[in-house]
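Heads up, the next two complexes both have chain A, just with different partners, chain B and then chain C.
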Partner chain A sequence: MDDRVKKVLVIGGGPAGMEAALKIGQAGFRAVLVEREPDLGGTLRKLVSSFPRWENPADLVGVKVQMLEGNRNIERLTSTAVLTAERFERGFRVTLKHLNNGGSREIRADAVILATGFDLMDASVYGEYGYGIYPNVINSLEFEDRLRGWKEGAESIPKGIAFFKCVGSRDRSKGFPYCSKICCMYTAKQAGLVKDLFPGAKVYVFYMDYRAAGKGYEEFVRDVIEKKHVRYVRGRPAKVLPEKGRLLVRAEDTLMGIPVEVVVDTVVLASAVVPRADTRALAKMLGALTDEYGFIEPLPYTAVRSGERVFFAGGCGFACETQGALQQGAAAAAEVIAFFNKS
Partner chain B sequence: MQVKRVVQPENKIPEVPQSVFLFRSCTGSLEYPGTENAVRETLRILGIEAVMDPDQTCCSGYLLTCSAHKPEVSLAVTARNLALVEQKNLDTYTFCNGCYGYLSELSHILLHNPAYLSMANDLVARWGYRYEGRTKIFHVQEMWYRLRERIAGKIVRPLKGLRVGVHYGCHYLAKQYGILDDGGYPTFHEELIELMGGTPVFYKERQLCCGYAVGRGFTHREEIVQPHLYKKFRSAREAGVELMTTVCPGCNVALDREQPNLNRRYGEDFRIAVIDLAQLIALAIGVLVQKLGFEANTMPLDDILKKIAPEKGS
Partner chain C sequence: MDTEIYTPLRLDEIDSALQRELKEKIDIDIETCLECGKCSGGCSNGHIFDYTPRKIVQLVKLGDEETLAGMDALWICLSCQLCLDRCPSGIDIPRILDYLREKAVTRGVKASRPDVHLFMELMLEEARDKGRVSEVPLMIRFKRKTGQYLKDAGLGFKMFLKGKLSPFPSRMQKPEGLKKLLSERKSEKKD
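For the complex of A and B:
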């Protein structure tokens, strides 16, 4: 391959990183896509179904991986992490480490796109919900595994499931004053799926309010409530207590003004979306900006640029859904391509 | 977040003081005089002198909660009481969650609002007091946990597996920041029980409020408090709780004195003794039973004393 062709390092192989690498490769530049996990797909790979169209995320990941594989300009490095990075000449010098064999190699890049994704806040800061104390109190990502198990025919049939939204998000006392943006939608998706799989199950969603801002989103949530008969209760739960091997949820229905108690098998906590723990250090090495929480911050009057030759896309900037990750990935690629063509 | 939610006892009380100011509690000293005694005896055995002052008054929190007087009055009361402590150059240790909560909150208001502070200080200056904010407010339960190893080394009456259900009390946990444990799921009292040879019981309703706010005084509403406590005691009985501990005389009153009413209303036979955690620690480290004032309890402790302190002396 021609060494004079400009090269971009894309860190993170979720939808945002895959899309960015793909567009850069398709435009005739070289991309190195680095992913820590053995497979591409990021958080998207762990998900069952999607909003607002109930599509299978595996199909989307499959299509993207196939396109990446078919492009000669794109090098895919899975099970690989960025060890060190520094500015060098008019670009970057980066050491990559293979996580399985421990080998490392150095590469040069003319630009970097950060797409390191997001994590969920550790829900054990809410002692009253018993995350980490009761095994059936789990967070939303862990629940995706349960959903997959059920779809593949796991035998345990739930009689009742309660979803708690805004666990951490919009709670200043826990240090997360922001709305995590995606929880309303994925919780509706998860609750709806449970009803599809087990129509007899009682499914409750405890919410402060629901924010369904997006094309088809409001209709999606309405369908989950009205057609799939998920019970939405407005009120923040007070407590989860063990009850004869199941879980008792104590809450207030603030629309009715009455205390309510429901007994369920599983409590699913929609924990606040937080940046990955190592994103801040990575940003510092590359000269990108981060905000007080550790999310990547754009430069003034830009959308996906965070520093000289440093761009970002997806959940590392802030909570975003799959669509948003793809859009930002494409936007970051466009910025890089425009920058290369100009310089 | 600037303020840490959970603080390790070694960070909260880095150096164990030789003397502390023990802030008396009206409810405690009137309803269960043994509690104050137990706290003093326990502190003494742990090597800490408890300094008290007859000039100290009620923290005035209960009256404030009931809107019995204007908040400004409570600010002045707090300034006066804490000025009294500051004259002795000591930190303030309360043995009531109410005193702890109100002193913390009202001193916070004073120290963050110069106008309130000067108003309160102007008033108490007539009697020669001046509050500066030097004394720190603690609850003795924090000291118990800080000195848990010292306590473990002094056990002479192990609890012999006694099934204890602890009650933390909302006014300590609801402070949320700078307390010893996760307010949503605290366990440090249970650790103390275990260390004294008891069996901590995590009964389902262990964190249910004591109901004092609607169970006692002139805010009493029995149609609210009794169903509420019925739930708590049924759950405690189901889990086999033999003894309940509190760290707040208010909680102790609500839980102990209300049981006969529950028994009348629901045709039940609840007989769960309720004592202060300090009384239980004092018992375990060998304080004379006669000094602990269990005669003041509505629910008798005979069975428990037979088990732990058959000799009824130290």
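For the complex of A and C:
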């Protein structure tokens, strides 16, 4: 291939990174898509369904992977991590390490798109919820695995499930004063899926308020409440206690101002969205800005630019849903293409 | 409900029996409640309610029939329909209160305020007799029964000056038709 064609390194193979690499490849530039995991898809690959249309995320990942494979401008490097990166001439010099065979290789890139995604905060900082102590207190991503298992055949039918929203989020005492934005929607999705699988299950969602800002989102949540009959209880749970092999949840019904409790089998914690632990170091090597939490910060008056020749998309900037990741991926690609065509 | 504030209420069901009953009997689904409180903010008697309309809906959700039957709001609601008119989900709260009142009367629950039942009975009597309810004759009947001749007299005079009270009762044209209808209804109920 012509070495004079400009090359972009896309770090992270989730929906944002895949979309960015795809658009760059389709525009005739070269893209190297680096993914730490053996498969592309990022967090999206782990999800069972999606909002607001109950679509199968695997279909979306499948379509994107197929399109990436069909484009000869795009090189996909899975099980690969970025070891070092530095600015070199008018671009970057990056060392990549293959995680299976340990081999490393150096590449040059004219621009970088960060799409390293997000993580969930460690909910064990809340002693009162017993995450890490009670095996049936799990976080939302772990619950996606459980949902997948249930879809394939349940060993035992759950009688009651409680979802806690704002675990970490909107808690300045734990260092997360921000709203994690996506939990309201994925919790409604998970609660609705449980009712689809087990109509007799009693599903409770504890919330402070539900934030359904998006096309079809409010309708989605209302359907989960009104048609799938998930009980929303307003109040932030205070304590999880063991009770005869099950879990007792204590909270206040803040609408009436009275303490309430429910007994369930599983408690699902919608933990705060945080950037990946190594994103800050990566950003520093590349000269990208980060905020106080470690999320990538845009330059003033830009959406997806964080430094000279450094762009970003998806969850590494802030919590975002699949649609947002795709939009930002496409936006970052557009920025890169415009930049290349100008220079 | 207040006295048991330190014993958490256990939510054993995702909805209450009363909630299902309302859905079945009068086709009102309170799952659509957004808990916004618009009903209560504008309630014409909300300032003297022990439980505002939003809380009443919430009590139905919690299935607390005792509180609902014993609350003051059940008897001092004017059925002015403002809550229904303003509800973004169109929940017919006055209808819920009608239903709860009916249930309370059937169960023989006495209103917490004095003379509420007397007033209602007199008002219905007035309607039965004349087909319409006129304020002045109704008030005279009520005061004769209770002996509180001067209570609210000042307010009554003010209303009279503003033309809100007419001393002459208005009558419907053929009250006998209504009487026939009511007696038919009564015998129907007995069957």
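The criterion applied here is as follows: the second predicted complex is superposed on the first by the 343 of 343 C-alpha atoms of A that agree within 3 Å, B and C clash if a C-alpha of one lies under 4 Å from a C-alpha of the other, contacts with A are read in each partner's own complex, and residues count from 1 in each chain.
In this section, a residue touches a chain if its C-beta (ideal position, glycine included) is under 8 Å from a C-beta of that chain, and two chains touch if they have at least 3 such contacts.
These figures come from a predicted structure and were not determined experimentally.
Trainee: Who does A:177 touch here: chain B (first), chain C (second), both, or neither?
Mentor: A:177 contacts neither chain B nor chain C.
Trainee: Is A:38 touching anything from chain B or chain C once the two structures are fitted on A? First, second, both or neither.
Mentor: neither
Trainee: Output check: A:222 vs chain B and chain C. Expected answer is one of first, second, both, neither. What do you get?
Mentor: The second partner, chain C, only.
Trainee: Looking only at contacts as defined up top, I'd like to know whether chain B or chain C touches more of chain A.
Mentor: C
Trainee: For A:103 in the superposed arrangement: first (chain B), second (chain C), both or neither?
Mentor: neither
Trainee: Could you look at A:204 and tell me whether it touches chain B, chain C, both or neither (first, second, both, neither)?
Mentor: second
Trainee: Please give the residue numbers of chain B that touch chain A in the complex, ascending.
Mentor: 1, 5, 176, 182-186, 204-205, 207
Trainee: Would you pull the chain A residues touching chain C in the complex into a rising list?
Mentor: For this pair, the touching residues of chain A are 202-204, 222, 225-226, 229-231, 233-234, 250, 253, 255-256, 258-263.
Trainee: Chain A touches which residues of chain C in the complex?
Mentor: Where chain C meets chain A, its residues are 1, 5-15, 29, 31-32, 35, 54-55, 58-59, 62.
Trainee: In the complex formed with chain B, which residues of chain A make contact?
Mentor: 125-130, 133, 173-175, 239, 241-243, 248
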